[in-house]
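Here subunit A shows up in two complexes: once beside subunit B, once beside subunit C.
Presenting the complex of A and B:
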């Protein structure tokens, strides 16, 4: 009985060009499908794409704007990449980012204007990492302790973090909220003291936020951590063969908990960057609308969970996001960015299969019948 | 003050009202999961259903009795199409089900296709033209206690009850249901007795997706009832938790759905009564409860293996036998 027109066979050898060709090819296919969606819905795909490229990379100051959009994606991308690497599906980057923003802005406001800038920035990084790390620990502990599905718990924690941030600004007289001036009438966050504003480095034609540089350094560190250290080895074993891990004397639960905290801390630093480098206030609504955590999953998947590749993918998707902000209007609906991200992700997932398997047209009968044929 | 104004009656009635989309969404997910396919795209599929239903309700002329079924149908088709992407990627291409489902939610979700379509269709400026209104069944809407709870709901709620019964019978009393569970428990065994594994998985993932579409339509045609970007507000994820909470059984999932319906409507109800409870606390309650319930359920199910299909999340490759 013929069931499928084709079947998949694992590849025994991987051609050298394939790991590069697949993501690029998938990206092009996604653009093609996106063009079809745009055409069907009455948009001109060429002009949309041309405007995206222009506003993301080419026009005056566009690349600086793209780096601003890429910075949070870089951190949430690293957050997802590290966790997914060991099969811990932390999709709580969103909430961990928010907790990082709360902790980071909290310490900056607490320290006030009378401390050295270096101390203010460093404490924000540390406290952001603590805030996100603690929030990331919760699903990690629940998974190792009670075998609770981390996908749903980390996701629920996203909503809870959003509620907490909203509470601090809109629902209470908290320390984070501006209570004097116009803030008494329209709830908003207290502006951080200028000393705690993270620097932006001017390289002439392009301005690089300090947060982005920090993210690049961390990405490099993660790469070394995963490739060159014992902990990285343990991560690979736990991710690849959890049962083997026990024989190798590795305690999978300890690795999971450590990675859960690390993953959360990465998103948390991203949150601290958001308040330190860009917004300078705790802005629950803005954080909620941005959806950095979910976009980070796209970044990680496109980067095939490689921390260094995350940097480049973050710039690429940051570019699309940045163009989306700049172009938003009646002929450039808000959802377009998500549509393109989703399509890119779908095509990459499909493309991965091409990398791992060979597609064979199948004409032979099903395995059952073959087995039952008389020898 | 009549007994029907009693706060418990009001809470029960709104629990059912607000729990209805959760019933549809979790029913859809249980069909997919019983076949062995986890679909994390529920939130995205719900939003696709919601936007399609809102479009039909606003733009198709005619009496409500014609337009509303069409809107539901459109929701089912839209969400079913979304589910078929997931089905193709996970069943045929054997992509990781978790990542594929997430991709579906990102693609279709609050900042994706549903928002894009709503933008180009100019939805959301006014309430949708045709809505599901509360009915007065058998003239019993004012009957004490049971009236508001059971006889003053919308058609979608009654439809969801029929579906729960149908799904329970289908899963546990029919041959196809038995085959479906076999596919979810052990695709190898199912295959060896001639059950078409891939066909069962495709069918139930897509059917399940179309149920998620109805769940989305509940928001745009009944609860809100207009278009708002991301209007499902994480209910799709709660539906996923409900499947675990209900040990993969439609009847228990219905109970869970109403429990969460009560929680999500609690802040509205209590505020309307002038109770001074922090809105933040109430807003967080459904999410906190989901975690608590999940911890309890997963702890119990890991001890007694209640309900989870053994092959859930695993792609099936014939060659692996």
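Presenting the complex of A and C:
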């Protein structure tokens, strides 16, 4: 009787370079598998990859477009990274993003055209944070009070947020909806006053959306918060050892609730950015199609939950998305970009396992039979 | 040296490595048919790894096993069972709502999958087995109705039921009362007389010397020697590899009395509390500890010690009664208040409760002082202070680690305990509550930890020492309180402590005559 098999064994040593080499290696494997998929669909993988790099980063204005795609991913990525760090699995970035967009656009419309731009933009950031934060607070409170699973509650809240946004524009005569002009016939949101349009900063060859800069600053702030502050210390203990946290006089529930709100607020600012910097209108369909909240989980996972790394991963995935827009055409189905992104995630998560375990081939032998019939 | 028949089971040059540790290195030993063979070693000597290899849970990196002289490879525990090797685990693997017979039949080779489940025949066989091996148990009883000792008998029957010829027992006496342990010893010997072999894993010298026919001593993952020795001191030096300062010496180094004038630092009055399942776990506990005094709480685990300790740490709420620390009463259920009042606590579950395993030594040492200056400078923490204070404590308490940034999960048990004691002693506590301080530690580390406790008492800290290890309680405590079913049955001074009597008290027996 022969048995073949593989088993995973914990690695006895973790070289310093491994945590970095594995994601890079996984990325390359994803490209390789992607190349096979592309070949099967009749594409030349080399030329596709070359075009992706070109349209994402190199060609005229490509990087500016990439930053536009990267901005929402940056916020939802930070949202997931912060929450996952303490073991609070907030899958609700999507809904928190939408609530941020609703609150952000609401305050901009309320303030109208007669306020200074700085005030308009600042209020949008604050209200976006409040909207997303409140939405993030709900699963946090449910988890700490009633021990409900935050994965389920935050996921369900995504659908509720989407329905609310749809209701505001399509099924009601709400404050957000344009009721005059073509809006009377085709439901759509009111366009924000131009004063509330977030600036785009021109650095010569690259145009950087204000929202991206804001996200970078927040990422840096989060890094300091996590590594240098008392609250960050408590976060690390709650995340790694909740019982120990209680023992040390920390109230884990308070930390969880605070982080749930913070995480939601980050996605909420992302939603405000989306309205303020790019769409200038509350667009439920557009929000739903883009699925930034879920993509943010991918970003956070690839960044190994490190807020600074989230910035770079957001640019990378934003680049692929951006190139996808450019490449889409009769000969290049839009789904292929999604396939590539999925492959990257799949390979990276698989790589995580390999970083910690090594695969061992089971030694096959017929000694088992001897065991069954001993002399 | 060679026995007439081939050994029931033998290991040759077995090596097994895990991340960062070599659990077994070139281990060779054999178990004869019909003997009780002890595997003796300190914690971390590789006993459990070796038994997991013998039962097919792990495969050796190199080396091989033989059963009755035939070389053999186990792909899984199933193969080991087929080869007649069974394991009696330290932590029982029984389903509480099932009957004894159902548990024994569960997953056994006789399990008629798809066929008729003939419970009567199974019960009959169990009764026959329990009679021939003197393991009385009712096959129709539900597991939850049984005492710990009875549950262990079920575990043993489960292995015998599968026709195991070699029974590996992992620290079988750890959960038993002294009386139950004696019964177990005679069971092991009767199994050996019936031609079975028993591999008996332990670190308790006394029982190894009295029960085992032969002893294989493991040290640092290596098999040191197989002996027929039954001299406790000789075994001890083999196990430790150096002469141990015996417990007696430590105990003589402390004074027998604490002055009556010493202030009471911990006063527990009529404390009641519920356990995890809502049943009454503490039923009016009163106890006080003076400055510089070590009060030992003895008792079999599960008689309310955990609940008592958790209330003192604020991790559990009491339902009535009070706790005074140096005259101030402790808020019920607050974890910060005891820290503020100077109650230090070293929990039994050191890694799971006392430390954050992924955080560094330095961060773990800062766990209770990060809210106060100089570590805290709101909203920031001063990493340099955290690190330098950690380095000082590591030097003072002799914590052996590459640096203060090493995650605590990489430390050995002894160093983990030193990190905890360093942190808990560093804030000049008034009271130190410590649970099972030497559990899982090797003899050398135990001596160090005991010395640290004596030093702390010498500095005037009142220590409440909760331990299931009676020797430990006896050697360190000025007074010994015996807990049984949520009450303190009696408190005795060490000078007139009588082991026999304490043992009886632990079993809930108040003696009728003095």
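To be clear about the criterion, the second predicted complex is superposed on the first by the 342 of 375 C-alpha atoms of A that agree within 3 Å, B and C clash if a C-alpha of one lies under 4 Å from a C-alpha of the other, contacts with A are read in each partner's own complex, and residues count from 1 in each chain.
Heads up, the rule we're going with is that a contact is a pair of C-beta atoms (placed from the backbone, for glycine too) under 8 Å apart; a residue touches a chain by one contact, two chains touch by 3 or more.
Only a predicted model underlies this, so the values are computations on that prediction, with no experimental measurement involved.
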First (subunit B), second (subunit C), both or neither touched by A:237: second
First (subunit B), second (subunit C), both or neither touched by A:156: first
First, second, both or neither for A:246, with subunit B first and subunit C second: second
Touching partner for A:297 - first (subunit B), second (subunit C), both, neither: first
Which of subunit B and subunit C A:312 touches, first, second, both or neither: neither
Which of subunit B and subunit C A:325 touches, first, second, both or neither: neither
Partner chain(s) touched by A:334 [first = subunit B, second = subunit C, both, neither]: first
Partner chain in contact with A:142 - subunit B first, subunit C second, else both or neither: first
Touched subunit A residues, subunit B compared with subunit C: B
Doubly contacted residues of subunit A, that is, touched by subunit B and again by subunit C: 3, 367-368
Sites on subunit A touched by subunit C in the complex: 3, 10-14, 228-231, 233, 236-237, 240-241, 243-250, 362-363, 365, 367-368, 370-372, 374-375
Touch list for subunit C against partner subunit A, complex: 6, 17-20, 59, 67-75, 79-80, 82-84, 313-315, 335-336, 339, 345, 347, 349, 352-359, 363, 366-368, 370-371, 376, 378-381, 383
Touch list for subunit A against partner subunit B, complex: 3-4, 8, 37, 41-43, 84, 89, 91, 142, 146-149, 151-153, 155-157, 159-160, 163-164, 166-167, 171-172, 291, 294-295, 297-298, 301, 333-339, 341-343, 345-346, 349-350, 352-353, 366-368
Residue ranges of subunit B touching subunit A (in the complex, touch as defined): 40, 85, 89, 92-96, 98-100, 102-120, 191-192, 194, 196, 198, 229, 234, 237, 240-241, 244, 278-280, 283-284, 287-288, 290-291, 294-295, 298-299, 302, 317-319, 321
